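Next come two complexes, and both contain subunit A; in the first it sits with subunit B, in the second with subunit C.
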Partner chain A sequence: MTNQPLPTAPLARYLLHLADDQLVMGHRNSEWTGLGPILEEDIAFSSIAQDQVGHALAFYEYLNQECGLADPDQTAFNRPESLMVSSWLVEQPIGDYAFSLVRHWCYDQAVYLRYESLSQIQDPALQALATKLRGEVKYHTFHANTWMKSLLQGSEESRLRMLTALKEVWPMALGLFESWSGEKALMEQVGHAGQPWYPGERHLQQHWQAGTLESLVLWSVDVEALGLHKVEPVLGGRQGYHSEHLASMLEEMTAVFRLDPQAEW
Partner chain B sequence: MVNQAETAGIRAEGLKGNIPDGLTLELRRYWEVLDGVPDPEIPVISVVDLGIVTRLTVAEDGAVRVILTPTFAGCPALRWMEKTVQEALLEAGASVVEVQTTFENPWTSERISEAGREKIRNFGLAPPPRRRPGCSGPDLDALARAACPRCGSENTSMKSPFGPTLCRSLHYCFDCLEAFEQFKPL
Partner chain C sequence: MPILSLDPRVNRLQVEQVPEHQPPVLVPGDHWPSYQVFHQRRRGEKHSSVGIVHAPSLEMAMAMAKEQFGRRGETSNLWVVCTADVLEMDYADEEVFRTTPSKSYRDPAGYKVNEKIDAYKAKQTP
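Moving on to the complex of A and B:
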């Protein structure tokens, strides 16, 4: 295991949140390969997983080249659980299809907002990267929206399953916006248009919540009856505190890597 | 019978490719070499037509440097393409070849050449819809009106934004009653 401490520079730390979320989410989504409820969904979750691992790699590469972190393979596969800064939402097992779908919907809307803000940063390389990746995430949110809408407006059973999943996912989705130590400093960084590019977690959460709740209302979900407005977020991930599910996932994800950590792939 | 790749090439003849104008003979030759390197997932189109070669320079000592950019960040064919590009240039006589992948000129589907679009169509895939003026990202509304590569009909519907590779979506044509795939706009 590498005992490289977590980066202290606010930008590096923030990018690591993004990268770890994408890696863990991508790994979880890849667990649908071969199990999807219909062939198209099997392919969709597998493709989204592939995108997410690709996005994680792009950020790990940047962190390696510009911020002095270990090389991407070491950073991704050779860190103890306590040095992973992914959120609780992404590490949860795939559950049933409703759970994975609602999580995918909540998660990718948040990623979209983060990329949108990151595309305003001053660094041209990150600016270009975020703009590019945002285009890819558009397909994720498009896919999630299509299924959320049709299953929430489908049969009684599909609706019930989606509502149950929403209740389960929501506290952890709010945990995506956990505040963190370098937040204030990053909020002061000026972007390419002379304005701060990172609005902070609270603002991102408000923006995210406005968008997701609006869609839910549109799909005739009574968000108050569901209790979504008074949910407490599940926190800890950004500080390396995780649910019991991350350790076992990492164990599986890194099994091949650990056979020979120095291997050239 | 000619194979699919040849047919696609013949029909795309005369259409504009992606080799820049006004190159020195040496640079032009290297670009032409790369124009012969096929995309591994849609082999009728070259890496040049696809628009993933964003820069090619030759240093004074003859070292060739190529910058590639991935279509999708998670494209699994990327390392393979880096390797094929390098081998093709070495075989063409370059003494040293350095291939690097960056996002500095990020790929969009607008980078596919006219010739490339025609080759994609002849391969049986709908080429990505052109971006409407003023549109800065992929226009997903355009996904719903993909033109069928067989009959040209726009009476089609999208079945899934994800297909057999990251860059393709799945569609159905109500006029020829057949499924088809589209190269996704990005």
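Moving on to the complex of A and C:
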């Protein structure tokens, strides 16, 4: 295992949050490959998982080249759980399809907002990367919206299962916006238009919540009856505290890598 | 518990074993309609029929079409149309086209105009 400490520079730390979330989310979503409800959806969901691992790689490469982190393979596959800064939401097992879809919907809307803000950064390389990746996430949100709408407005059973999943996912979705130590400093960084590019977690959460709740109301979900408005977020991921599920997931994900950590792939 | 599969994903799913010789029971919604997908490579070019997807709605057909037919190379736009909405000719009537290949006068290649163009050009140059 690499003993490299977590980066202290605010930008590097923030990008690591993004990258770790994408890696863990992508790995979890890939567990559906071959098991999707129908062929077309199996391919679509697998492609989304593939996109997410690709996004993680892009950020790990940037962190390696510009911020002095270990190479992407080592950073992704050779870190103990306590040095992973992904959120609790992404590390949870896939559950049933309702759970995975609701998580996908909550998660990708948040990623879209982050990429939108990141595309305002001064660094032209990151700006271009965020703009490029944003297009893929736009499709992810389109895919998620389509399913959410269909199943929330489908049969009684589908609606009930989606509502159950919403209740389960919501506290962890709020945990995506956990505040972190370098946040203030990053909020002062000026973007390419002369304005700060990173609005901070609180603002991102408000923006996310406004969008998601608006959709839920549109799909006739009684947000208050569901209790979503008084949910406490599940925090800890950004500081390396995780649920019991991350360790076993990392064990499976890194099994091949650990056979020969120095192998050239 | 017997090992269902060497694939960890199958065991993780905890799928109940289906009893043998039990015929599958279809319920409404099990069979989704098919949608025809039309793919446009670049703006201004035509949309070409590229295949079908199965989906419960037009919107979902679009979400699926993006992955099945927009996953490689260039794509600018997609159309999806419910197959049931396409009026198809009967192959029994194919004979209505039997004589068209011989109607060369309907084909621009059937006209010999190059001589006239050359003559016109010759007249223009002093």
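Assume the second predicted complex is superposed on the first by the 265 of 265 C-alpha atoms of A that agree within 3 Å, B and C clash if a C-alpha of one lies under 4 Å from a C-alpha of the other, contacts with A are read in each partner's own complex, and residues count from 1 in each chain.
The definition used in the following text is that a contact is a pair of C-beta atoms (placed from the backbone, for glycine too) under 8 Å apart; a residue touches a chain by one contact, two chains touch by 3 or more.
This one's a predicted model, so the numbers in the text were calculated from it and none came from an experiment.
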TODO: Answer with clash or fit: subunit B and subunit C placed together on subunit A by superposition.
DONE: clash
TODO: State whether A:Leu129 touches subunit B only (first), subunit C only (second), both chains, or neither.
DONE: first
Open item on the list: Just to be sure I read the superposition right, which of the two partners does A:Ser150 touch: subunit B = first, subunit C = second, or both, or neither?
Closed with: second
Open item on the list: Between subunit C and subunit B, which one touches more residues of subunit A when both complexes sit on the common chain A?
Closed with: B
Open item on the list: I'd like to know which partner A:Arg13 touches here: subunit B for first, subunit C for second, both or neither.
Closed with: neither
- [ ] Report for A:Tyr139: first if it touches subunit B alone, second if subunit C alone, otherwise both or neither.
- [x] both
TODO: State whether A:Glu252 touches subunit B only (first), subunit C only (second), both chains, or neither.
DONE: second
TODO: Look at A:Ala44 in the shared chain and tell me whether it touches subunit B only, subunit C only, both, or neither; answer first, second, both or neither.
DONE: both
Open item on the list: Looking at A:Val53, would you say it contacts subunit B, subunit C, both, or neither? Reply first, second, both or neither.
Closed with: first
Open item on the list: Quick one: is A:Leu35 in contact with subunit B, with subunit C, with both, or with neither? Answer first, second, both or neither.
Closed with: second
TODO: After superposing on chain A, check 37-45, 55-63, 73-81 or 145-153 and name the one in subunit B that bumps into subunit C.
DONE: 145-153
Task: Overlap of the subunit B and subunit C footprints on subunit A, listed as residue numbers - done: 40, 43-44, 47, 139, 142-143
Open item on the list: Under the definition above, what is the set of subunit A residues touching subunit B in their complex?
Closed with: 40, 43-44, 46-48, 50-55, 57-58, 124-125, 128-129, 131-136, 138-139, 142-143
Task: List of subunit A residues in touch with subunit C within their complex - done: 31, 33-35, 38-41, 43-44, 47, 93-94, 139, 142-143, 146-147, 149-150, 252
TODO: Using the touch definition up top, name the residues of subunit B that touch subunit A in the complex.
DONE: 70, 72-76, 102-108, 137-138, 140, 143, 159-164, 166, 170, 184, 186
Task: Partner subunit A, residues of subunit C touching it in the complex - done: 7-10, 12-13, 32, 53-57, 59-60, 62-64, 66-68, 71
